[in-house]
Structures are given as C-alpha cells and as structure tokens.
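This report concerns only the one structure given below.
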Amino acid sequence: MLELADVHTYYGTSHILQGVTFSVPSGKCVALLGRNGAGKSTTIHTIAGLLKPKKGDIRFQDHKVSTLPSHQISRLGIGLVPQGRRIFPSLTIRENLTMAARKRKANDSGTDWDIEKVYELFPVLKEREKNMGTQLSGGQQQMLAIGRALMTNPQFLLMDEPSEGLAPVIIDQVGEIVCKLKETGLSILMVEQNISLACQAADEILIMNKGTIVWNGTPVELLENEDIQHKYLGVS
Amino acid sequence: GGAKQETTTSQSEKQGTDTATEAETIKIGLILSTTGTFAPLSEGIKNGFELYLEQHDGMLGGKKVELKLEDDEANPQVALRKYRQLVHSEKVNFLVGPISSAVVYALRDEVEKDKIVLIDANAAGDDLAWAKKSDYVYRTSFSNWQNGHSTGAYLANNVGKTAIAIAPDYPAGKEVVRAFKAAFEEAGGKVVKESYPKLGTNDFATYITDAANTKPDLVYAFFAGSDGIRFVQQYKDFGLQGKIPLGGSLEFGDELIIQPTGDATEGIISGVVYSPYLDNEQNNQFVEAYQKKYNKLPNMFSVEGYDSAQILDKAITEAGSIKSEDVIKVLKGISFDSPRGPITIDPKTNNPIQNFYVSKNTKKDNVIVPEVLETVEKLTMPETSPFPQ
Amino acid sequence: MSLLKVENISKSFNTLQVLQNVSLEVQPGERHVIIGPNGAGKTTLFNCITSHLPINSGAVYLEGKEISKIPSHHLVHLGMSRTFQKNNLFGNLTVEENLHLALASTKPYKFQVFHALSTYKDLRKETNEILEQWRINDRKDILVNNLSYGEQRLLEVLLAMASKPKILLLDEPTSGMSPAETTQTSEMIQSLPRSTTLLVIEHDMEVVFAIADRLTVLHHGEVILSGTPEEIKNNELVKEIYFGGGAKAHA
Amino acid sequence: MKKLSIYTVLLALFVIIMPLLLSDYGVNLTAEIYIMGIFAMSLGLIMGFAGLVSLGHGAFFGIGAYTVALGGQYLQNTYLLLLLSVIICGLVALITGAVFIRTSKFYFLMITLAFGQLMFALFWQMKDWTGGADGMSVSAIMNFGFGEILTPMAIYYVMGAAFIGAFILLYLYVNSPAGKITRGVMENESRMNALGYNIRIYKLLAYSLSGALAGLAGSLYSYYNLYVSPDLSGWMFSGQVLIMVIIGGVGTLMGPALGSGVFIFLQNYISSYTERWPLIMGALLVILVLAGKGGILHWFQYLSFKFLSRKKNTSNSSSAKQVEKEEVVS
Amino acid sequence: MSIISVQLLTGLAYGMLYFMIAAGLTIILGVMNVVNLAHGTLFMLGTYIAFTFISQQYSFWVAMLLSVILTAILGIIIERLLIRRVYGKELEQVLLTFGLSFVIADSVKWFWGTEMQTIPVPAMLDFSISVGEMVFPAYRLFVVLIGCLLATLLWYLESKTRIGAVIRAGVDDRSMVGALGINVGLVFTGVFAFGAALAGLSGVLGGPLVGMYIGMDSEILVTSLIVVVVGGLGSWKGSFIGAIIIGLIETLGKVWFPSLSMLIVFLLMMIVLIIRPQGLFGREVA
C-alpha cells in the first residue's frame, strides 16, 4: 500500500534519512522503533509531506506522493497523529475535530468516522467539548489527536508515538483500537517507544538507527532477539 | 554665544557664495511638502514657479536657474536636514519654501546664521512678520492675520452681528480666528463661541449641529485641504447651507476646495487674494498659460509659486547681484504686479501688502465662481502684534 | 517534619472541579510518585504546588512555611524546582546557553549588568560538569529546536535540576524517551543524592517502581490511595482504573 | 572583553577617518546618523534582546530633547543637562514600563504608540513653554569644560564619541548576566519564571535602560539641531526608527545603528534625485524582505559566514555555527 | 431629534465605518497573524478606484462593485507574491507591508495626482431626514446599515461554517492543518483577499464622508489599528464594539472634553489596555 524506496531527507545541511526503504502492506500495522533522534519522526513527516525528500521515491497506492504538497497527500487518505499532539490551542475540542472532518470516499468500505463515533471512542472528549484544546490533560490531548486523525477518514494512518503520556490502561485501549482499525481495513505505520504495545499491535517491526532501517522482522522475532533489543533499543 | 556661532559658520558660507558668483547659473532650493496631506499645495507652488521659469527661458535676473526640489514631509526636523543638504552640500543661493509654519520657524534661525535668502511661498505664521521677523525671510503669500482680518468688517457690516468661529486646533487656526475676531468685533460684531476641532477631523457634525442650535447670524470657519472639503460637505449635509450664512478664510474661495465640492460651496463668503476669474491683464495671461501647460485652472498656490519666482527675478535684476546682502536691500519694499493685483513687500514686516477680495461663491454657467463683493485694498499687517502675548 | 505538605487543596476551572481536598505529605529524601489516569489532575496538582495556578482552598507548606501565595519564581529560591509535561525550553538558544540560564538563577550576580556572563568561571565549570555527566558535550552548541524530542526531554529535566533544589517536581520525565533513554533517565533519577527529594508524575510502570518509595494514586481529582509500591501494586481498584488488567504492573 | 576592545578600536578608527573622506555636509549628516544610531540601538535593545517592540520610542527622544531645550534656558552645565535627560527618561520609562509590560506583543506596540502620542500632544499643547506645534529654538550650547563646542567638526566628534560610548555600554549589558537573562525572558517567559527569575524586573530593566539611552540621543539631538518640535515624539518618527531597526537587523547591536545610517542616507539622497522617493524606498524595503536574510547586518554575517566556511572547510558545522552565534552581538 | 441623538447617530455612523475598515484588518491581523500596514493604502485605493469609475459616469454601485473586485484581486496578488513568504515573521511583515504601503501610496499619487476630491453621495441616498429642527443625512444611516450587514455576515461565516476554525487552526500550526488535508495556502489567500476587499469597500463607502486625498491612508490606518486593539485581537466582535465605542467617544469627546480632542482615542486605548491588557474581547494570553 505504502512504499518507500531509498528516501533521503535533510534538515538544511544535515542528512537525516540516509536511504530508507520499506513498505506497509494493505490492512497491516507496521511499527517503527528506534532510539531518540534515530529519524523516526523525520520518516513520518517525510511521508506526510511536511518534509520533502531530496532523493528517493514514496508511493501510496498508485500515486507518487513524494512531490505532492501535504494537503493533497492527506486527501489521498493518509491521516497523521503527530508527535507532541499538536492540538490547535485556539480551537475548542469540538472545533479541533470538526475542522478536520472529511467524508470517506464512496468507493471504499471502511467505517465512516464522524464526531459521534469519536466521542464514543473517547467519551471524555465529549464531556469537555466546549473547552479549548490545550485545556485538556496531556493524555486527553493524545486522544484528541487520534480522534482528529480519524475524522479525516483515512485509509492509512501515521501514528507518531501514540502512547506517549497515556496511562497503562489507555495504552492497552490504544492497542485494541489499532487492532480494530486494522479490521476495518486501515493500514497503519506506528512509531513507538513502548515495545510491548508495538509487539501487541504490529504485524511487522522495523528498527531504525541513524537514519536507516537496520532490522526488520515479526514481533515474535524481536522479542526473542535480545541482542537487537539491546543494541538498537537499549533494552537491558 | 550666538555671535560666535555666526563667525564660525560664515566662513564656509563665504566660500559658497564666491564660487556661485563666478558660475553662470544660480541654484534655488525648493523646500516643499510633496508627500502627505500638503501634496496638492506643494504641487501648485512648484507648478507656478516652473511656469514662470519657462516663460522666462529658465532664467531669473538674467541667470540660468537650477532648481533643487526637496520634500520636508511637513516635519521641521526633516526640513532642517534637507536645508543643510541644500545649503551646505548643494550650496544653493536662494531658498523658496515651506508650506508649514513650523518649518519656516525652524529654518528662520538657520538662514539668519547662513545668510541665505528665503522666499516664504506659503507658510502663514504671524510671528514671522513680528517677533520672528528676519531680514532674510520674505513672504510672498499672506499671513494668518491678513487671512482672518480680511472678511471681519464686511461680515459684521453686511451679514450679521453674532458669529461662531471654528478652526482646527493648531497655530494657524488660532491665529486666523483671533484676527477675524478682532476685526469682526471692532466692526460691532460679537464672536459668541469658538471651537477648535483637532487637525484632520473626519466629522464636524458635532460642531455643525451645535451651531444649528446656537443660531448665530453667521458661522466663520477656517479650514484648509481635506478638512475644508469635509467641513463644507457636511455643512450642506446637515442642512445648514443656505440657512446660516457661512463666512470663511480664503481657502473656501479657492479652486482647491471649490472644484471637488462643487455646489456645497455655494454661498460661502470668503476673503480671497486670488481667483482664476479675477479680471486683470496679468491674470488673464497667467491663467491661459497655466491652463495650457498643466491643463487645469491655477489656484492660489500656483500664484504663490509664480510670484516667488517673480520676486526673485525682480530682486536679482535690481540688485545686479546674487549676494544675499545686496538682494535683501532690494527685497525690502519691492513692488511687482501679480496675477492677484499689485503687491508691495512691506519693509516693516517683510509681508506683502495686497488686495483681498471679499467674494461670495456663486454659480455661473454651472461652475462655482467667487464673485467679488468688495475689495479690501492694500491690506497691511500691523507692525507689531496687536495681541497680548 | 515533612518537607512538603499539601493540605486539603481544591482547584476548579470554572465549573469543572479538578482537585478536591487533596492532601499529600512528602518526607525529606523521599521519592514520591504520583500516578493516576489521564486527566486525574496530576499536572494541575503540580501547578498548584508551584503557584503556577492559584488554588481555591487549602494550603501548601514547604518545610513548614506556607507557600501557597508565594509567586512561582520565588519558590526556586526556597528550593523547589519543576519540569513541564510539555517541553518548555529556549528553542532558539544552544544547549549550553540553556544550561547557563538555568544555572544563573541562583547566582548572586544575576543582576550584574557589566561583566560578561562568560567571565564567570563557576558557571562555566558547572555547565561543563552537567554536559560531561550526561555525555552531551558534543550537542552543546546545537540549537535546542534542532534536537530530537527525546533529547529535548532530557534537557527539560537537566534545567530543573540545575538549581540544586531541595525538592524536584518531575512531570512525566521519560515520556517520549526511547527505552534506552528511559533507563538512563530512570537511573539518573535514582542516583540523585537523597538530599534531593523527588515528587514525580510518571506513566511508565518500570520507572515508577524503580524509583518510588511511596506512591499516591489520584483519580478524578481525589487521592484514592497512598502507600508503598507493594500496597499499590496489589490494590484491585488501582488495577482496574489504572493498570488495566494488571498485565504490566509488575514489569 | 578582547572582542569589545577590538570593536571599540574599529569604531573609533571609523569615527576618526570618516571626516577625511566626507564633505562638510557629509560630516554633518554623519553626526546626525550617530545620534539616530544611538536612538536606533536603544530601540534595538528592547526589540532584539527583550522582545518588546515599541511604536512610541520617540516619546523618550522627545523628552530628552525638550529637557535640554527647556532646561537650557536655566542651566548652562552640559553634563548636568545630559544627566538630567537621561535620568528623567530612565524614570519615565521605569514608571510607564511597569504598566506597559503587562501587555504583550501587539498590545505593547499599541500602548507605547499611545504613550508617544501623549507626549506629542503634551509638547504640542504646552505652547507657552514649548512653542507648541511651531517648535522652539534651543539656546543651550554644548560645553564640556573645554570651551564651547560650536564647529560642525567638534560636534561631529562629540556625537561620534557618544555613539561609541553607547555601543560599549550596550555591549557590556547584552553580554552580562542580566542581558543574557533578558534574552532568555524574550525566548520563553514561562520557563524563566519556573527557573526562578522575576521576569518583570528584567523586562523593566531593559526598558528603562533603553528609555534612558533614547533620552540621551534626544538630548544630543537638541544640541545638534538647536531646534526641537513635537514631531520628535510623533508616531511617524517612532515608526521610522522601528523601520531602521528592522532594516539593520533585529537581535544585533550594531544592526539598528547601521539601519539608521542606511535609511537616512537613502532617504536623503533618493529624495534629492526624484520625487518618486517613497516608491523607491518602499520597493527597497520589500526587496530586502524578499531577499530573506533579515536585516542588513544579517546579510553581512551571512556573507562573511559563507566566506569563512569556504576558507576553512576543515571546520565542522558546529564550530561554524559558533562563529555565526558570536557575531550576533557585534 | 435632539442634539444628543444626532451626535449619537453620527458617532454610530463613524463607528460603523471604522468597523468596516477594522474588520478587514482584524481578520488579517488577529486571524492570520499578519500585521498589514498596507491596509490603509488599500482603503485609499478603494476610494480612488471608485472615484475614477464614477467620474467616467458609472453609477456609484457599479463603481463600488468594481472597486471591491479590484482591491480583492490586488489582495490576492499581494498575498501570493509577498505576504506568503513572511508568515510567522512578524517584524518582516512590518517591513514588507510598510514598504508596500509606500509603494502603493506613491503610485496612487503618481497615477491620480495630488488633487483632493470627494465621492458624491449616490443620488438615491442624497437626502436628509429631518425631525424637528435637526437634520440627519440618509447616507450615514445607510453606512450604519451596511456595517450591521457585515457584522451579520461575519457572524454567519464564523458560527455556521468551518472556515473560522480552519483559519484559526492555520495560525496555530500551519503545517498540521495541511497534514489534515486542508489547502492552507488557498485559505489564507482567500482571507487576505477578503480583508483587502473589505478595505476597498470601506474606501468606497467612506469616500463621501472622509473625502479623497493624499495622506488619507495613514490617518485611517492608525484609527483602525486602535479599533482592533481596543476590541481585542482576532475578535471581529471586539472590533465591532470597539469601533462603536471609538466612534461615540470621538464624537462625544468633542463636546465633553474639547481640549483633549487630539488624544482622546489614544487615551481611551491606553486606559483599556491598562485595565485589560488583552483588549476588551481579546482572549487572555495563556
């Protein structure tokens, strides 16, 4: 569904992504792990069109997206849950959700997300819908960010550390949500620090280090491979 | 300390005049306010000046003239900087200038020091003729006192005895009104109320409705530029035109206000020094030439510019020199024929003695024309200020 | 005497009651961790303790002295320092300059207007010590905006520690850090001298149980339980509202 | 410290050499540029190092100028008059600043605008003392105890020295702990607060210092121009200085002074050659912005940075960055 | 009609005119975070363009329409070519729009000359309503009406459409809005053009009241900036109330404090900001 081929991205003169190649099959969840500063967010941003790759090719379904502006990429059906939530502070919670709303394309068959469905998923958002976005607690904001991405009715979801700042019980819930979303046909690329969440939700694991993919395999393989865990994830 | 300052600067100044006398051309610095609200006034002066030059082969007093135009932005601080540039760098021989009185007062001290002749083509501050009179500054336009004084007697004798006076809250406004008030009350009238809206007021409704309420015999107003246009317009909109006679300063009889406001100016009585419809030989020629060159009617400012050139022409010719000391001897008391009538510079005030034409704006062949009701002959400023300080 | 004592404080935003009669005591040298579901009021509690928000009722005492009305910047000089849940750094300054600013606040020369800051040796020395200790010497000239998120998180903690506080309030210090950095930070927190008392909000259970002497559980703005890690771990209610099936509670 | 000595020597050389290259008028204009340079630096200080953008800085310039104009009628001592202006302006800045800094950003801009207009109106309406809209001549003559300073050349050197003095003062301040802390306050108020700083005190300190310096510039201007009018406090003038600061480069010390030089020079010369000077000036400003490096000084830094990094391509990026950062204060 | 009611109406009419000018400014400034110092010149341009068409014998209404369209197009050009490059850089915006205002104002002077003019009141409104002894020009009532219509339109756009939220979000975090599938560039161009069109519209409607002259741009700019600040940034409702307050204070101030007429609005702004540093309706700065 999504394919990256030899993608290079720079910040000014610093070469961050140094030839990233991987693909995310339809209806699957791929988790991207790696230490801080490895380039995970940069990868997500490059796919979402917030950064332009200098070299390489990104294809989504039949489209070459690496040259498109971000709003067109989003309209192709790629949703983004960014790192740090990036809630709009001058909008109320309801507005944060409604401003993103977009109808699902007629020809695909996933669940049609609307504000009621999102409220069902995260009831606390409904309680506080008149509050400004930044008046939520950190974890609540994370829920809002996920809800906002769902409002665009994506076929493909980019999630940058969705579990950050969430209580364990909610993390479990996020895992469940991810699985549910997969069932509705959504594909997901998820950056995660929480290895157990990643292993629970993902079908495939990628490990990134210094701007390249250094390992890939299934969750089971990763859990068995203490070497890799230690070397690239710093798990002792 | 003043004496010392003079000696130190006069040296560099002497150099300037020396080189200039040798040269064939004379340099004239034109300090006007070409940006901002004074732009139309400045354009008139510049046009008039250039017209005179064109008619005289670009020469004044038999010498080729090089004009240097500078914009003072109606700000005395900027004007001083431009002044220094003109005098110290460009080494001009004469200055013609400013629109604003604040600028003329700022320049006055400097020209005294540098001994440069300044022909005041517009700035009307009274004090320039009195406390701040300078041997180097000669006015070709008119003073606020003259402007306010000119209609006072006529209005009291012919229109009514009680008046409300309105003028903007800045020195010119106050000076015109005090002169008007003195003349009006001397002739038996009474100014019952004075109001001073801020300069650049958008809305005079408050003052106009107040006037409607007070019911004086007449309203006397002094407003220039866009303020004047708005005032006249709103005087009509609020139904006072034709109800309470409006008398005013010479601006209300000038093309600059009549042309854009049209019918709204009908009936206003003002004391003009100039109108393109004045019938004298000088003026007929002038209007024709001006219209030919600029494709529009001249206004009072065009004449000010024209006369500034004319007075310099005459003075240089008569003095046979462009040295300031020689020229100022001639300038005192000089007379010439302007499109507005005969003019003499009063040596007591360095201010022109000239006719004022009390006129009423009247519609003729679909255009508004100031029709002369009475001529105030040879209006001279008093030698010292008649007002208590 | 307890170092920090929170007595019956309540806080509401308009009609929303966020804290209700919260009381809490932290003994000198203690490592006290606050846990609770999202939106329980943990960050708000911090804001109330540090005077970033005015409290509606109750009082906060530091070493027996009431501090509820003392402006937040002054608390630093009484020995209380904090980090923010959302990174709050000097993005356009370098790492080194960030540390300089953090260190200078307790220096007598902070109102000095003539001597260059760089001439103060003690400041340079302390900065270098921190840079060395955390092995970020090579990052010192980088603008903070250009650091990755996890690196910024670390700096957030370092800034708060610079004033050598008696009590340090950390709001989710390891959120957004990779397991490696999390371990490192957790170790760093543990290695802090006992002279620094800690009050920590954290969602990472590994970290929580690695550092906590005592735990307080906050739920809907109320303290529902306070006790030793063992007590908390085995509490059914906490399992239900927070740990979620207890699956990872024992990591 | 070493850097400062180098800058000071360079500036001093500049001040000494310029008269050899310039005409009388050029010297005179440069003296004015020094004064405006001090004024622009004072505004640049709060804009670039405290994040306070003021559209009423002319208020202090005006107060300084009128202090000399009015005080000069009773006092002869130049030191005393200058000191008086500086103190009055510093105090006024302290008092008004205490109220103004409660507002932020655009609101600060507008409340200072109102303050400037207030002073403007005051000078305008106290006609008996200030001559009102017509302005007043200044009778004070500069005398530092070595005789009266009257020749344009002497005035030039006084202004040049004052300029260098102001630069040194600001350089010291900007690099001092208080200066750096103020910069931190500009970057992130809430963090500075959490770190234990009273942010208001630092803002106020910068604002008062800036006001006092603007007052000094105003009082020097009074001596230089020998004529003052309310326009010195008007918003047009304040706006012009603001533009000078931005042209020169916000966040640098010398930038604003450079900006004032360029602005005054251009405005003077373009307007002598064409009546269309506003159009050309405006277009130049637009082009400067579109070129996208910030102010003029930023351009210098950018070019010299390029030059340097080409020369020593061995130096890695972090040390190159260091160069860039250090130059910022110059 | 008593004197005081005439004065109140006058104040209201001016307030509405200020509102129309300030609305464009506040939308661009508060909502897109762009300080548009060229707003005054767009206002001026509106007047001059309308004057040209009217003197070519077009009706007032046609001239108004054309003027609005042309200023909107100019707005599009300005946003696309210039403003676009300085989003988020406030000081550069100041420099850019200041330079632009110089360029536009001087071009106007170049093209139209320095003559002062007025735009005649449209014939169908060229009458006065008199009650008792007092007279009130109908055109001013018309201006009040248009002001109210504009307020209604803005209210509708804000509360009944998504556009308001999208724009505010765009200011908070532009690239995030893009990542949600909204073409921020287009939205911002639209908003800027709308603001410019409002400037043009108020230029035409203000023509019969304030006239047409070189230098009108800066006077109008300062007043409208004050309106925006008194009302509170980014809130058109604030500007609405602020404009009415300023219109009334200016009018009544002439009666009550004649000696303060020069600085009454500045004083008002100062007092408002001292009491409420974020303006009357501005959001509290967090």
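All chains are identified by letter, namely A, B, C, D and E, in their written order; residue positions are counted from 1 within each chain.
Rule of thumb we're sticking to: a contact is a pair of C-beta atoms (placed from the backbone, for glycine too) under 8 Å apart; a residue touches a chain by one contact, two chains touch by 3 or more.
For clarity, every value in this text was computed on a predicted model and none was experimentally measured.
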*asked:* In terms of touching chains, how many steps apart are subunit C and subunit E, taking the shortest path?
replied: 2
*With contacts defined as at the top, give the pair, D-E or B-D, that has more of them.*
D-E
_Nearest whole angstrom, what separates the Cα centre of subunit A from the Cα centre of subunit C?_
29
*Can you check how far apart subunit C and subunit D are, centre to centre, with Cα atoms defining each centre and the answer in Å?*
42
*Indicate the whole-number Å distance between the mean C-alpha point of subunit A and the mean C-alpha point of subunit D.*
50
_Shared-contact residues (touching 2 or more other chains) in subunit E_ = 106, 262
_Two or more partner chains touched - positions in subunit C_ = none
*subunit A: positions in contact with at least two other chains*: none
*If two chains touch, include that pair; go through all of them.*
A-C, A-E, B-D, B-E, C-D, D-E
*Would you tell me which residues of subunit B are touching subunit E in their complex?*
35-37, 39-40, 42-43, 169, 195-203, 205-207, 209-210, 212-213, 225-226, 229-230, 233, 237-239, 256-257, 259-261
*Partner subunit D, residues of subunit E touching it in the complex*: 29, 35, 82, 85-86, 90-92, 94-96, 98-107, 110, 218, 222, 225-226, 229, 233, 259, 262-263, 266-267, 269-270, 273-274, 277-279, 282, 285
*subunit C partner contacts - residues on subunit A that touch it in the complex*: 11, 34-38, 41, 83-84, 124, 128, 135-140, 142-143, 161, 164-173, 193, 195-196, 233-236
_subunit B contact footprint on subunit D (complex, rising order)_ = 23-26, 28-29, 32, 127, 131-135, 137, 141, 148, 150-151, 225-227, 229, 231-232, 236-237, 264, 268, 271-272, 275, 277-278
*Can you name the residues of subunit E that touch subunit A in the complex?*
162, 165-166, 168-169, 171-173, 175-184, 234, 283, 286
